[in-house]
Structure formats: structure tokens, C-alpha cells
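Letters are used for the chains, namely A, B, C and D, taken in the order the chains are written, and counting of residues starts over at 1 for each.
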Amino acid sequence: MFFSSDNAESWAPEILDALARAADGPMPSYGDDALTADVNAKFNALFEREVAAFLVPTGTAANSLAFATLCPPYGAIFAHEAAHVMVDECNAPEFFTGGARMVPLSGEGGKIAPDRLTHALGYYMEGLVHHAQPHVLSVTQATEYGMVYTPDEVAALAKVAKGRNMAVHMDGARFANALAHLGCSPAEVTWKAGVDVMSFGATKNGCLAAEAVIFFNPEQAKTFPYLRKRAGHLFSKHRVLAAQMRAYLTDGLWLRLAKHANDQAARLGTELAKIDGVRLWYPVQANEVCPSFPGDVAAKLFQAGASFHPWVLPGDPSQGRMCRLVTSFKTRDEDVDAFVAATRKFCGA
Amino acid sequence: MFFSSDNAESWAPEILDALARAADGPMPSYGDDALTADVNAKFNALFEREVAAFLVPTGTAANSLAFATLCPPYGAIFAHEAAHVMVDECNAPEFFTGGARMVPLSGEGGKIAPDRLTHALGYYMEGLVHHAQPHVLSVTQATEYGMVYTPDEVAALAKVAKGRNMAVHMDGARFANALAHLGCSPAEVTWKAGVDVMSFGATKNGCLAAEAVIFFNPEQAKTFPYLRKRAGHLFSKHRVLAAQMRAYLTDGLWLRLAKHANDQAARLGTELAKIDGVRLWYPVQANEVCPSFPGDVAAKLFQAGASFHPWVLPGDPSQGRMCRLVTSFKTRDEDVDAFVAATRKFCGA
Amino acid sequence: MFFSSDNAESWAPEILDALARAADGPMPSYGDDALTADVNAKFNALFEREVAAFLVPTGTAANSLAFATLCPPYGAIFAHEAAHVMVDECNAPEFFTGGARMVPLSGEGGKIAPDRLTHALGYYMEGLVHHAQPHVLSVTQATEYGMVYTPDEVAALAKVAKGRNMAVHMDGARFANALAHLGCSPAEVTWKAGVDVMSFGATKNGCLAAEAVIFFNPEQAKTFPYLRKRAGHLFSKHRVLAAQMRAYLTDGLWLRLAKHANDQAARLGTELAKIDGVRLWYPVQANEVCPSFPGDVAAKLFQAGASFHPWVLPGDPSQGRMCRLVTSFKTRDEDVDAFVAATRKFCGA
Amino acid sequence: MFFSSDNAESWAPEILDALARAADGPMPSYGDDALTADVNAKFNALFEREVAAFLVPTGTAANSLAFATLCPPYGAIFAHEAAHVMVDECNAPEFFTGGARMVPLSGEGGKIAPDRLTHALGYYMEGLVHHAQPHVLSVTQATEYGMVYTPDEVAALAKVAKGRNMAVHMDGARFANALAHLGCSPAEVTWKAGVDVMSFGATKNGCLAAEAVIFFNPEQAKTFPYLRKRAGHLFSKHRVLAAQMRAYLTDGLWLRLAKHANDQAARLGTELAKIDGVRLWYPVQANEVCPSFPGDVAAKLFQAGASFHPWVLPGDPSQGRMCRLVTSFKTRDEDVDAFVAATRKFCGA
């Protein structure tokens, strides 16, 4: 009954196999190798345009390096108050940007509504030297609570951002899960909807440690290589990252893994919702399920060996305690079944 | 009818005289002069304890250098969402601290309520490496809206902060105005109430450019001299700052100047409140008056030559447009009278 | 016999008078005032072109803000190993640039020779992501040892720098002294010789605290206003800086003050050079005299009340102890005479 | 004939096997797993004391995070002018420390001599606010040129550093090669010789991407976890790093791999030295060989398919062109033989 996080799982066999195959002989270091070139080509194809792609080992690195490329130290970055970049990266955005301001926005299910953004931007006057200058909007796809922006929703936010000449960043740590839900093309929900740069996650969904930063306008990426290097995120044995990402993008592996996680989350959500006293805070779209449990049920579940996180909601935690369960590319049927059964039992259902 | 800001006024004659007297002959540079020693002694006397005082030319420098001394780059600084450090210093806190997080708190009249602070701190888990670690609470005395914390109110906030081992900073850009309102001793509303470090403003209240950072526990100040120097805020002709501050602290000049500003604000507030359709958002305690005007009255006042700022309230600007008028050590009776008369006329009173 | 530094003197009466005249009534704050506009016009005239000029209170701020505008965090700044920016600003260049590399260059009398620069640049490969990328050359005019670059010498260095697309910065903390020596126009030794940005000093030469950063290509200055604000160097009562600089630039005051300092240095140097056992390390061009004294003469001079600095030469201090004496706009004949007489006496001449 | 770098090789089979074995089931993320605990225990045993060990993916991250833990932004870090931290990390030290100064020292073979350090420290006055304050000495073991410090040599440098209360850092990117040469215990050439913190490299010597930062005094490591997280270097699937390092430290694998590389370098050096016209700049101690080749021999070797780097020597490149060849844990006999034979042929020997 392991639902604490998708990053506590290991990796898909296809990924490790790729590393085994990549071990053959010397290769140019620092990314000048054929595997990396192949990854770049795959990203071009995936996004139906020439992109600039850069590999790094962690999502925090991907997000922060993207910000550092897009935002000057006197700039402001707007994101949801519950976003990973806002609460779970220990000031990495400020560090990498040299001190940009992080502006928190509220919104249901981890999603920013366009009018919230418009409202917030009203406090930041363009060209007024006293105010941080808005430079980046970051949207999380899927959100921390497993909600997924549609292409239209992304476009609506991007429109507001572009009205202030801001770049749009997508934190796609769980982009695969979002896309498996949406069923659209990667292009449709990114650059076609106004996204300039994205963090394309792979670690949570079956890799060991591999993320890509994708610039849909390669010209915007000019400083990125230097920023990555001076942050210690340029791998000397770059094939370590490239081999993983190449396998991840091959034969639809990434979407297949994500679909498994989403399906398990959907099943888990559906079954939990049937139990009296259990409330689902948000519809299950990606691989997160956000229930609250009555009375001491959560405590009993922990005692029974279940693993998941009680959640502190930004904004207002007073309405009962939401929990978050995360499924993964590896979640087994029996874990879902066991969790549902235990919850039923403790709820007296 | 000049009420746009106290920093748009010039300076008191006593301050310029002090500069004239300080021009006699060479002195050790960088603060090793007798004038500076005298300022230190005056601060010790004023605060009834041994303090470490440092002079800088601007309030932004004072606040940010205080933060940099108290807060590591992975720390978080909590302040009111309307505080100068939060909205009007173009990310100076992030710059000086090397990237600390600024956490905005709401609260009436620019004042933070202790439960808001407690609530916000709940999202920052101690020792959890993913979260910014709370290190500083900054309270603005008087607030941007001219409200003044009582010693008990400061103590209540400090108690919450100390419960998390946070330092308490007071942004006293208008400390003189606050104290002139409170009538207590400087010690009572600062270190006796739990303040560790303060920015002691003088520029807005009659100096040319002079602020002090006061450490009530001199041991906490060890890194300050280096941080000040590398920020370009150590004056070579340090007497320029010391002569101003010395005169400011001599014979109660600082409180005399502040009392004048406060009295003019009180009179302005009292008269405006009598006019039908004018609403005062907050009681007038320091040298700010925050009215909203009906219909096109504000526009007419501008046309008539009045100078003041419409205000964008953080949180919710939808309840009509608040304006802010600021009086100063130099505000003349006739300006107050003229403004009141004009408002009356435009309101049809 | 006060020769420790020009920044230990006070200020010229014309400067204080200007402050007294500037005290009349409210003015727009933060530089939107008529005095500041007048300073800008004066700089345009002085440099015979449209420049972007910004006022700050200290030389460290001027230099570092110039660097921050010109150099990304992954850039390198080349300067003489004895330059103020290199040894006397407590890492301010690194702080303001967000971590650029400072590369020290050797050279006689504080002057960089073009081949030293070329040689050093050879270690920094363009576009190689592992290497700091050369972005700025900073030349000090006059140098720490009172040497003055001719326009041709500046041009020769600028040519090397431009060959690597680097910007050229001039630290003109003592620009007035350099110009008083050269007798050329300000334009000739700055932008006409390839300088892009300069720190135009006034503090050491008769102001209280006032420096200007001059961008000869105003387009390069776009980020400067934000960087200045977030560093706490934008004065609210901006007229404090503007009034000083305006007076300094009026009726040739700045050159008149510098000429006095230079003349006293020349006389001091000439007389000292006549004394057996005293060695002048460099020709006296600006307001510095760099002698070494035989035996215990330096110690005796200190005992007799003389004030000056023994110097630690970067590169090689083994050749005897150089001292540095600095004259100022206020140095009196009798001080020079007394120092020379005392030296003569202690040297047994 | 591949001798360009040890980081262009892949990885040892034992390391990949360990990753394969680590894939079994969910584990706590971010380092709270049993594999990581085991690595910590192994480091304690290896260094014969309780240490604090942290895993990161790259050497630049290891070095810079160590610096950031030891050095304030106003501090100075002293290292050899040819050290990786000085020339090959694109200002990472400045970035991570928030702007500390990097001070280059010269010295034969990449080794710092104690008197060079003493001399350089003479320019940095303790407690003088204008000067960067010395905080860290970084020694590279083995050096960029394959020279190895003996325990006594490390101790002599550490003594100078400790005399100024500086911490001593060892960049051990090639520590295994150094130790394989020395034959002493890891403790003898690190903390017993005065080293406080080290970067313990594994990537170049057979891992995919894994380095450890070792604090010999765990108390000094208190801020490290936050600094690592905010730099994006805390792996969520931390076992990825731990499994590698655990295998690397098991059954002497690390020294076995290093010994192979050293032996090949020794053989290569010995054979090259016999060829007329070839000069070895330094004795071969670790896995680097630094020859210069006569005439166009280097060019011919490149044409023949050999891979190695011509080197730009800091200090003085005028004495002919040194090249650097690096062997690795995987270097084959036939590559050494072929290179020697080709050199012989092109030298006409």
C-alpha cells in the first residue's frame, strides 16, 4: 500500500537496459555524443518543431535553470502557492535567478485561474523601478493535486502573461501523466498554447534521474549552457542522462508508463469515493488521489502499513485534513485493492 | 498641497548646519572618526543598552543588510504584503540575502496579526530540507498606512516568531512618527518587546540621507561590516552620515520633527473625516492619512494641484480606491487648510 | 602632514552651498527632479554626446553596478591586480554581478599592458562552457599609484578587449586628477578611446558622497535603474546627489580642485626625489606620490605625526617597502613643506 | 588511442550491477533509504572516524557545495591557478558561495607550495573590511597534471591555512588515483593532515555520476543539506547515487580501478620518455601523462586518430606546448602500445 510518492519507486527495466547498452567504449563528454544528438532529434519530432533541449538530473534543476534563463534578478515569477517551485525547492528559484521574487497565486486544485493572475499583476507596475518586474508565469502540469490544464486553459493563462511580455514556463514533472489524461499532442498543450519553456520530467515516471528543459524558441536558450555548467548540472558522462531519456521517448514508453499510473489512480479514486465518509477533494485526472478520511481512519491506515501524505493546504487548511496518494508506473493492482479494502474496513463500510 | 511623500521634502536646517560644522579638516575615513563614536554613544543612551549601530544612506540598504545578517539564503522572511520590504525594494531582500524567500502576510492597516503569522508558519516545516526555513519576521513601524504597533502588539508577534527561533526585525523608516504617537520609550517598543534588529530611519524625517541599523544584541552583528562594505554602503567620508544622525538625535530633534508631521496628519484626517462622502480607511496615528474620495473628487484634487497617491491595496482593491496622503516635518498649515477646503468644495459640502 | 587619503578630507564649500540651495521645498523623489535633469545635461555637454548618467553615493557602488550591467554571472572581469575593484571592495563585483570571476592582471604602476591582457585572455576560450566568458575590462584612471593612461594607451587596451567583444569600463574615482594631468578632453580619453562605461568620481575630489556611472551608449544602461534600486543605491531625496554633482561640474570646479591636488603632489614628489635615500617608484602624474624611505625614516615620520600608508605591492613586495602619499583638493602648502623638511631631517640630508 | 579524459569512458560493470540490484521496490526518497545509510557507514570505516557524507552527481557540485558551506560571500578561496575549481567550473564557486573571491596561486605541476600561500595571504588583512577574508584553501589531489601531494605536503599547507583560521578543502575528483599512488590510508592524507572537507570523486573512476562531499567534522555540515537541496542536487531517487557509491567502496573496487589507470599511465609515461624529442613535464604519479612533442608530431598523432588535449599552462605557456593524456580504469594495453608506437614513428625514432 505504497502511495507516498512516485519518486520513491525505482525505474523501468527499459531504462536500465538502455544504460547497459550505453556503456560501450569512450564517447565525447559533456553532451557531444551521438546519444544526446538522438535525444534532441526525438524531442524535435515529439514537439513537431525545432527545439533546444537540455538534460539535467533533477526537476528542481530543470525548473530553476529555466527561470534563470528567463528572468533577471529584479524580475518576478508567478506560480501557484502550492506549486513545487513555490514550496518544495528550498528557494532554488531565488538562488538560480540571483534573487528574483516568487509571487504565490491561489486557485483550486493547484490550478491558476486567469483572473487571479491578472489581479496579482495589477500590483506590479511596468517600468516602475521599485517593483519587481513580472517576467515569468509558471504553470504546473499536472498540478500537485493531480489536476490537468487543458490546452485552452493554458492558452488563457498564457494570454494574460503575454499581455505583460512574460514568458510562460510549464513545470512538467508529471507531464506524461497530464498528457496521458488529455490525449492531445505534446505540442497542443505546450507551445501551441503559448508555453515558451518547459521542464519535461522523466524521473518520477520510470527513469533513474533525468529531466529535460525544452526551449520552444531555441534563441531564448543562449545563456542556458553556461548557467547549467556553473550550477554543476552538466554531466561529464552525459550519456548517462541521454540514454535514459532516449529510451523513455522510444516506442511510447513514457506514455505507457504514465497511463498505468493514471489508471491505478483512477481506480483508487473511484473505489474510495464509494466509501461513506471519504471525500475526494478533486477529480482524479493524473496519478494523484486527494481524499480526506473521517475520524481516525487515516491513523489506522498508517498503522496498517499504508504510506501516503497528509497535506497542508495553502490558503486554508481549516476544512479538514486532505491527504494525497500518488500512484506510479509500478503500482500494483493488489496495493490498490488492499488500500481500498482497509479503508472500507476502518470506515465501517 | 503636497502630500505625495515625506521623502520628497528636503531637510531640516539643523541637519545641514551639522554638515557645515563637520567640514573642518581631515578625519579618519570609513567610520573611525569621533562623530561616529558619538552617534554610537547616543544610540546606547537612547535605547538604554549597549547596541551595535551602523549608518547607511537608504532605508532599502538598512532593511536588506539587516536581513542579510540574520537570514541564510535558504531562509524565509515574513512580512506584511504591503510592507516596503515586500513591494517597494525591487527584490533587494532577495539580492542581499543571496536568495531568501519573502513570504507575504495579510492584515488590516498594514499590521500583521499574530494568528496570521502562526498560520503561515504552519506551511514551513522545521528542518525539512525542501522548505525554506523561517528566520526573520519583519514588522513595519509605523506601517505603510500610518498604523502603529503598541509594545504589546510587537511582543505578541515576537512571541510567535521566537517560538520558531526567528529573529525579529523592525523596519523603522518612520520610527520617529510611531514613537511620537506612542509616547513610550524607544526601548519599550523595540528590544523590550522582542525586536532584535531595527532599521532606524532618519531620511524621511529631516535628514538628507541617513539611516541606522541597530543590533540590540551586538553579537549578531559580526558579519554586518563586511556585508555593508561589499554592498557599497560604507561611506569613505563617513562623517557625512554621522553628522546628520548626531544632529538628528540631539535635543530631541527627531521626535520634534515627527510630532509636527503627525499633528498635521491628525488635523488633516480629522477635517477630511467630517466631509460627507470621504471615508478614512484607518485611524490616523502617524503621518499618513488614507481616505477614499467619492466620484471624481480625487481627479479634481489632482487638477487643482494636490499631490498624493492613489493606492493599490494588496489583497483586495475592489472596495473603492484608497488614497494615501503623507505629511512631513515641513508640512505647512496652509497646505492642510487648502487641501481640506478643496476637498470640501469638490464634495459639494 | 596628512597624506593618508583624499577621502579623509571633507568637502569643498561650493558643494555644501549647493546643498543649502537645494533645500527649498518639495521635489519629485528618486531622480525625477530638475536638478538631476540638469546634471544629465551637463554630462552630455561634458562628454560631447548623449550619455546615460546615474548617480550613486560611493565608488564601490558605481563600479559594481557598472559591472552588473555589463557582465553576466558566468562572465569574467579583467582588472589590474592592485585595482580598487580587485582588492578594496570586499567582493562587491562578485556580489553585484551574481558571481562573475575577477581576473587579476599585473603591470607597472597599476597600469595594464595590452600584451598582459592578450596573454590572460588566452586562457579563456570563447564559447567553451567550462570557462568564465570574458565580458569586461576595467581600467583605473588614474591608477592606485597615481599613473595616468594616455588616450592612446586606453585605446590600445580597448582594442584587445573589443577583439573579444568585451566592454571597457573605466574606474574614474580619480578621473579629475587624471584629466588635470592629461589636459585632453573628457571624451578623448573615454569613449573616443573605446570606453563604454565609466565610474565618474566626485567624492574624493571635494564632494560629500557622489559618484556617477556614465554609459556612453545609453542603450547598454537599460537594466541599470533596477539594479541600482535593488542594491539600495537609489536615493529618495535624489537632489542630495544631484546638487553636489551639479556644483562639481559647474564652472570647472572639478578640474580646479583636482589641479590643486596634482600640483601639491608634484611639488611633494619633486622635493622628496631630491633627498638622498628616498626613491620614487613612479613618476608623479595625478595626486599620488609613491616613495620608499631608507632605514627607519618612515617610522620616524609617523612618530612626527605624518599620516600615509605603507603599501603592500601585489606581485612582489620584496624590493623594499613602498609608501603611498595622497594629496587632495585641500592639501595646504605648509603640510607639504613640513613633510619634506621632516624627511630631509630624518634622512640626515 | 583514447586519452582525452577519464570522464569520456563509461562505467565499471560492478557499478551497473549495483543499480540493477537497487531497483527492487519502493524506498524512502531523498536519502532516507538503507543503501544511503550503508554508504555512510562505509565512509566512516574508510576514514576511521565519524564523518558526514553527502552524495551529489558531479564534481563541480561537490566542490562548490563544500565551498558554500565553508565560505561566506565576503570570503576568499585560495586554489592553484590550474585547478578545476579555478578554471573549469564556469564560476560555480562564486555562484554557490554567493560571490566569494577566487584567488589563484601558482606552483609547479599544479601543486601549491606553502610559501606561495603565505605570500598571497599577506595581501588579505584579517578583519579589514575592504578585503575579502581568507576562509578556504582548496588543494587538488591528484592535481590536473597528475601530481600527488604527500601527507606531509598537505599538512604543511594546512598549517599555513590554519594559521589564518581557514578551512582546508581537498578536491579529490581523482582521489582514488592519488591514493593508489601513495599507498597510505585515506585518513592519513586527509583529516590527519588537516583536511576539513573533501570532494570524494567516483565518476571519473568507474561510476556513472556519483561524488561524495565528506565533512570530517560533521558539525561543519549543518547547512549543507539545505544548500544541496536549493541547488537541485538532492536526488529524489537517492538510491541512484547510493547504489553506485556503495559498490564503488565495496571490496576495494575503487582502488583497483584506479590502480589500473595509474599503471597504464606509468607505462605510457615510461615509454614516451624514452623517445628522443619527447619531454615529460612532470613525473607520472596518478593517471595523467604530460608530454610535449617535437615539431608536428602532435598534429600527426591527432591525424592518426589519437585523442588527447594540448594544454594552456597558466603562468607561462611560452615554453613549448604541453599536452595532457589521461588514462582510465578501462584503458587497454593495446591503446598504450599503439600510441607509443605512433609517437615513435612520427618522431623518427
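Keep in mind that, in the parts below, contacts are C-beta pairs under 8 Å (C-beta built on N, C-alpha and C of every residue); 3 or more make two chains touch, one makes a residue touch a chain.
Bear in mind the structure is a predicted one, so any value in this text is a computation, not a measurement.
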item	value
A-D compared against A-C, more contacting pairs	A-D
Most distant chain from chain B by Cα centroid	D
Distance between the centres, which are taken as Cα means, of chain C and chain A, whole angstrom	51
Euclidean distance of C-alpha centroids - chain A vs chain D, Å	35
Touching two or more other chains - residue numbers and ranges from chain D	73-74, 89-91, 95, 98-99, 129-130, 226, 229-230, 234
Residue ranges of chain A in contact with chain B within the complex	73-76, 87-91, 94-95, 97-102, 104, 122-123, 129-132, 312, 314, 317
Residue ranges of chain C touching chain B (in the complex, touch as defined)	2, 4-5, 7-11, 13, 16, 19-20, 22-29, 56-62, 64-65, 89-92, 95-96, 203-204, 208-209, 226, 229-237, 239-240, 307, 330
Touching residues on chain D, where the partner in the complex is chain B	30, 72-74, 98-99, 129-130, 133, 223, 225-230, 234
